[in-house]
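For reference, the structures are reproduced in the following blocks.
You will see two complexes here that share chain A, one where it goes with chain B and one where it goes with chain C.
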Partner chain A sequence: MSTLHTVNKSPFEKSSLDACLAHAGTGANVLLLEDGVYAATTGTAVEQRMKQALDSVKLFVLGPDLMARGLAEDRVIQGITVVDYAGFVDLAAENDKVQAWL
Partner chain B sequence: MSETIKQFLYLNRKAPYGTIYAWESLEVVLIGAAFDQDVSLAFVDDGVYQLTKGQDTAGIGMKNFSPTYAALGDYEVKKIFVERESLEERGLSLDDLQHLVWEDEDDDYAEKDSIKLVSREEMTAIMDDADVVFSF
Partner chain C sequence: MKFAIQINEGPYQHQASDSAYFFTKAALEKGHEIFRVFFYHDGVNNASRLTTPPQDDRNVVDRWAALAEQHDLDMVVCVAAAQRRGMVDEGEMQRNGKDATNIHPRFRISGLGQLVEAAIQSDRLVVFGD
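And then the complex of A and B:
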């Protein structure tokens, strides 16, 4: 039973990402989108937490939302996979359900 | 009519695109610029993300309003304060932000930097000094 978790809030403003990572089971998929993409970049106050999360979950970030915010893909933490909208659809289809963290 | 000039501070704390706050703030600043007041902009917390350069919204189907910040100088908005700690917590530096300038007509229209990097302590003083604070 696999779940795709989505986080669309900035980790600096809301606890959505923390709550998601605290509840996502081992092997779960987590997609960062909209303001959630800020958690995927290097050098931030949450970078270590993201790297720890990579030990138990797979992390994805939506590329168009990075580009909109002026964040180049080379700023993304190693181990986090950049996907486009088609990749988002694939993730949703491959998992049994989608759980949104707003 | 009163001739009193008040110090207006627009406080920006939200990232662009995820919510409408950033765009609304910019609209109010541009409208307010028509009234001869002393205007300052402050960018703290996620607000610093509004000023990143290279924003390209083609992929998300939203208007890219980031070029509008470059027009602020033409509206006599010359004081843009960015909090250093907010940038650092987000892995950003001044180089990641747009280079915003205004033209000084008293100095042969020399282009001068609008953005001033300030500490959290200095930001506290800037907020204290303002007569009116508009929060976004």
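And then the complex of A and C:
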């Protein structure tokens, strides 16, 4: 019984990522998309928080949204998986529910 | 698998409609079924056939309409949200005494019950918004 959580806000703008990570149970999947992708990059104030989160949840980031913001995939924190829209669809299908943290 | 898609934001203002479009397209390419695409709140503005973006920009409305044409998608606009924002079809024009319509023919106006039904009938409801 797993849930896919989607977060589309930058952690530097809104607290939805924090709220999501505080709520997501062990083994949950979290997909970062739109401005949410900023949380997946190295060298930011939330990098440690993301690395901690990887101990309990699986993190994914939408590749096309990284590219649209000029962020290279080699800037993604190790352990976070880059997926395309087909991968997003697979995640939605593999999990029982999709919860958008709008 | 059956998916229902909900879009809460209008075109060009927010990425939600673009994200939803690419998700829907990818799901269809993988052989999944899209039970319904429901446009809610400012999302109703995705249905205006009068939309005319510059030629070198994507046409969000036509793009949805083309995908709907190709895959026979049911694209529903929330009636209460549409009335507030001046999204009008023939029925609404007559009922509210308006002098024009502006909805693209690939979309239809209906009630929130259509969203509830989509959520019940589909395996997954995926929401895109602000």
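Simple rule for what comes next: the second predicted complex is superposed on the first by the 102 of 102 C-alpha atoms of A that agree within 3 Å, B and C clash if a C-alpha of one lies under 4 Å from a C-alpha of the other, contacts with A are read in each partner's own complex, and residues count from 1 in each chain.
Definition applied: a residue touches a chain if its C-beta (ideal position, glycine included) is under 8 Å from a C-beta of that chain, and two chains touch if they have at least 3 such contacts.
Values in this document were obtained by computation on a predicted structure and should not be read as measured data.
Partners chain B and chain C fit side by side in the overlay (superposition on chain A). Look at A:100: by the touch rule set out above, it reaches chain C but stays clear of chain B.
Rounded to the nearest 10, the angle at the Cα centre of chain A between the centres of chain B and chain C is 80 degrees. In the superposed model, A:43 makes contact with chain B only, not with chain C. Once the two complexes are laid over each other on the shared chain, residue contacts for A:89 go to chain C alone; chain B is not touched.
Look at A:64: by the touch rule set out above, it reaches both chain B and chain C.
Counting the residues of chain A touched by each of chain B and chain C gives the higher count for B.
Taking the two complexes aligned on chain A, the least Cα distance separating chain B from chain C is 5 Å. With the contact threshold set out at the top, residues 8, 34, 64-65, 84 of chain A are in contact with chain B in one structure and with chain C in the other. The touching residues of chain A, when paired with chain C in their complex, are 6, 8, 33-34, 64-65, 84-86, 88-90, 92-93, 97-98, 100, 102.
Those residues of chain C that touch chain A in the shared complex are 1, 3, 8, 15-16, 19, 22-23, 25-27, 29-30, 32, 123-130.
On the chain A side of its complex with chain B, the touching residues are 8-10, 12-13, 34-35, 38, 41-45, 47, 63-65, 67-72, 75, 84. For chain B in complex with chain A, the residues that touch the partner chain are 14-19, 45-46, 49, 52-60, 62, 64, 66, 89-92, 96.
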